[in-house]
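In the two complexes that follow, subunit A is the common piece, with subunit B as its partner first and subunit C second.
Coming up: the complex of A and B.
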């Protein structure tokens, strides 16, 4: 590419990112406000809204529920997605696409539709308004992300690698342990990461399926903003972004995102 | 080490018969090649032997015992793939040692054997590299070492040199042969390169549409092909229509070709009047001045190719013949000359399609 063109595209990209990230920055800055109202620019600087956030029972329990949901979703979905992706690869050619569509259906449908469907189903089987039901909802919605990630990693593995392994005396399980698993591990971690973040930020599904007396962090922020308009909402939002970033960094440190993709 | 018999092997993919009845017997320690054009079923045959796919019918026996019920990991065959199939996350030494690890070979012994195998394929000082840090030729050496380190009963190679450039192909060709000889392993080699097959093999099976067209030593395949298909697949050929005139001795005949009579070799029992194809390899032909014994031809084109002159001549019956002659004499296109065929190398084949 010619030099001026490169600078120009760089500038456009910078503008685009600025536009996307500006609201985030504004909210983050507003959360450190010393005043009583949520506004920008913030008045003064303090950590008081964070202190109040961590002193707030309902926010804290919402954070805990969100973290638990996201963690359980990430772990469960990793296992399910790996099994589904392995199965998918073994399917006869003409069954593959239907199976893939089936697994990623929750991603293709509007979340609200999936949520309503699940709502009816969960009430019918006696799991309505329970934390377990909500967990199922989160798993359903996050599974496609993990599946796509693991399936992409599996696709990179030439079947001759498994054949070579077999010819050298490794059975199916040993081949999986020594060859397939090390090669798809980054894909599984990336999938788990996606699942964690999607679950942590999930609103619609949580809104419909939330257990009695339980709240997730996005719901708690939403509830709070209905009555109060102070920087504690900003602090909660900033914390939730912070957690997502933390998880990304953790994955980056352990497997490396560049290898994962 | 082990001998192999294949009997009545069949394999279909859907409605397509990919292997339509293959029978083979490979002796212990033999270097055996499956040669044939793309899509004739070489790879499929090899994969049936390796156990990666199950045939629909037939049997595969190694040392007299059927292996069909054994999964690939229980067969103990070494496989070398066209795309190397090295494990990308393992180092060279770990790749080569893989088959020893699955066999629970003690660490000390495994290390020694990996070293020996790497030395055998002439790969030194690279054992801690990852496959992606190696050249194609080096990768294929690793793949070969990995397959032989387990002292396989059979060594199966599917076009192992096809992804390499010409120079490396030559180099590795001899390496494969040396390693196979040194180990005394029975090797089944798949290729569509006839020069490679000739140079490496004890015996060659030429395949056509999922069947064996002919099995024989490279010399037999080249000089005594049963049909035109085999001849055309094993090097440059001229075929001339020939009619048997009389038997001149056991397996020797006088035949009429393009209005002249000459002597040729053929299978026993051809009766006068039979029409056959006369195989004349370019090196079995020579040109003499007009009037000498042989078939009268007109020189159509002549090209200097370095070691020889490559001439195209046309017979009275408009049959085109290509041959190479020494560069000493000058030829002018349009000249009428006499084409002589070495009777010992002129061979009568059954008529049939070329490849």
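Coming up: the complex of A and C.
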């Protein structure tokens, strides 16, 4: 490529990457502001908005609910997704694609439609506005992320390894424990991380299914932003940015980003 | 590996049960709800009617919102594609040493909640925000602009949300192109842009189609961004549906509106897939 053209394309790319990162950087920087109003660039540096965030009853209980939802979703979905991925591998060929599509359906369908369906259904069966109903919603939406991750890890396993194990006299369970499990563990871990972060950030589902008197962190931030525009919201939001960076780091360390996406 | 079909069925049962009860039945319930009558003091009545659909497709207001939502969705999808393609091309051929960094740049926004990213834009375009300050410093404007609560900021914020969804499938499609095709194109005398136009672009169509469908479906069902950044001025289908469900407790009509949105989505996605199919078939044997 000619040199001026290369500089031009480099500049365009730099702008595009800056566009991607700018809102995240701005939120994170604003949360460390020392001033009283949300201004950019922030005045001074302090942790006071984090201190106020952790002293705020409603934010704190919202954070606890969000963490609980995310944790339960991650654990439940890892177990379910692992079973689903093992099932998927053993299915006759022509049933595999339909099953895969069914499991990743919550990812392909707009979250708002799934949430509306669940709103009606949970009300019908007497679970309307319950914490259990919201947890179900989070599990349904996070399942595809874990499934894709475990299924990808399972696909990497050479089936001759399992045959070798079986021919050496190992039973199904023994083969799973000593051959399959160690090989898919990183995939399960990655899937659980994705499920955690997706649940932690989930908005529309929580908005429609939220239990009476219960708020998740994104809902609390949303309510707060309707009336206030100060760095406390930025502190709450930066927690989410921090989790995301942590997940990116952990995924890169375990299976590598390029393979995970 | 051979194992008893019963044991296999046992592994699959929990997931199938979960999805049947909490995905298939709820969608069925939504369809059923859209044919119910409204009632006072309860979310829905016992009788059946087609009137909800009559109102959803017949009332000029709701039809207008539906069409506008589809239009905004198409605009957002095109802009997202325009911004994503260069990033995908870069990501597909970036050296191993740097790939972690650039992948992280694309993936981290994906892992941060939509609400947080919208909030970032609220700060950027706020009255005393960095964008206004830069424009003032450059002398392009005399006084800060009111940039919140209008269509452009909703579109920008949604494009930002969807770029990673578009970049990843296109990157995967580009990485699957056999590099010898580029050499062949060059040795046949093609210039850089000709190779792009006749080799790279056609072979990336499957990735583009996947990204376009995903982004379009997500764009027309977006809820938080239009509400937070558009305020009262930008009315999209999702906020109307939610208003019917949560605000006025008109569940049957809300369900019919949601169904209208789904039906239009299915039609739009099928049309797009049909249009792209000849191109996909032509390039299929190369990828």
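In the analysis below, the second predicted complex is superposed on the first by the 227 of 261 C-alpha atoms of A that agree within 3 Å, B and C clash if a C-alpha of one lies under 4 Å from a C-alpha of the other, contacts with A are read in each partner's own complex, and residues count from 1 in each chain.
Following the convention adopted for this analysis, a residue touches a chain if its C-beta (ideal position, glycine included) is under 8 Å from a C-beta of that chain, and two chains touch if they have at least 3 such contacts.
These numbers come from a predicted model, not from an experiment.
Peer 1: Sharing subunit A, do subunit B and subunit C clash or fit in the superposition?
Peer 2: Fit.
Peer 1: Could you say whether A:3 touches subunit B, subunit C, both of them, or neither, answering first, second, both or neither?
Peer 2: Neither partner.
Peer 1: Output check: A:121 vs subunit B and subunit C. Expected answer is one of first, second, both, neither. What do you get?
Peer 2: second
Peer 1: Taking CA centres, what is the subunit B/subunit A/subunit C angle in steps of 10 degrees?
Peer 2: Angle at the centre of subunit A: 90 degrees.
Peer 1: With the two complexes superposed on chain A, say which partner A:102 touches: subunit B (first), subunit C (second), both, or neither.
Peer 2: second
Peer 1: Looking at A:174 after the superposition, I want to know if it touches subunit B, subunit C, both of them or none. Which is it: first, second, both, neither?
Peer 2: first
Peer 1: One more residue to check, A:241. First (subunit B), second (subunit C), both or neither?
Peer 2: second
Peer 1: Tell me which of subunit B and subunit C touches more residues of subunit A.
Peer 2: C
Peer 1: Would you sort A:163 into first (subunit B), second (subunit C), both or neither based on which partner it touches?
Peer 2: After superposing on A, A:163 lies in contact with both subunit B and subunit C.
Peer 1: On the combined arrangement from the superposition, state the nearest Cα-Cα distance between subunit B and subunit C in Å.
Peer 2: Comparing every C-alpha of subunit B with every C-alpha of subunit C, the smallest gap is 6 Å.
Peer 1: Do any residues of subunit A touch both subunit B and subunit C, and if so, which are they?
Peer 2: On subunit A, the residues that contact subunit B in one structure and subunit C in the other are 163, 166.
Peer 1: Considering the complex alone, what residue numbers of subunit A touch subunit C?
Peer 2: 1, 9, 12-13, 16-17, 19-27, 30, 38-41, 80-81, 83-84, 86-87, 90-91, 99, 102-103, 105-106, 108, 110-114, 116-124, 136-137, 139-140, 143, 159, 162-163, 166, 172, 175, 197, 200-204, 207-208, 218, 221-222, 225, 229, 233-234, 237, 240-241, 243-245, 247-248, 252, 257-258, 261
Peer 1: Okay, in this complex, where on subunit B does subunit A touch?
Peer 2: 50-52, 71-73, 75-79, 81, 83, 85-89, 98-99, 101-103, 146-147, 150, 156
Peer 1: So in the complex, which bits of subunit A are touching subunit B?
Peer 2: Residues in contact with subunit B: 158, 160-161, 163-171, 174, 178-179, 182-183.
Peer 1: Inside the complex, what are the residues of subunit C that reach subunit A?
Peer 2: It comes out as residues 1, 3, 7-8, 11-12, 14-16, 18-19, 22-23, 25-30, 33, 43, 83, 86-87, 90, 99-100, 102-109, 111-124, 126, 128-130, 133, 160, 163-164, 168, 192, 214, 217-218, 220-221, 223-224, 228, 238, 241-242, 245-246, 251, 254-255, 258, 261-262, 265.
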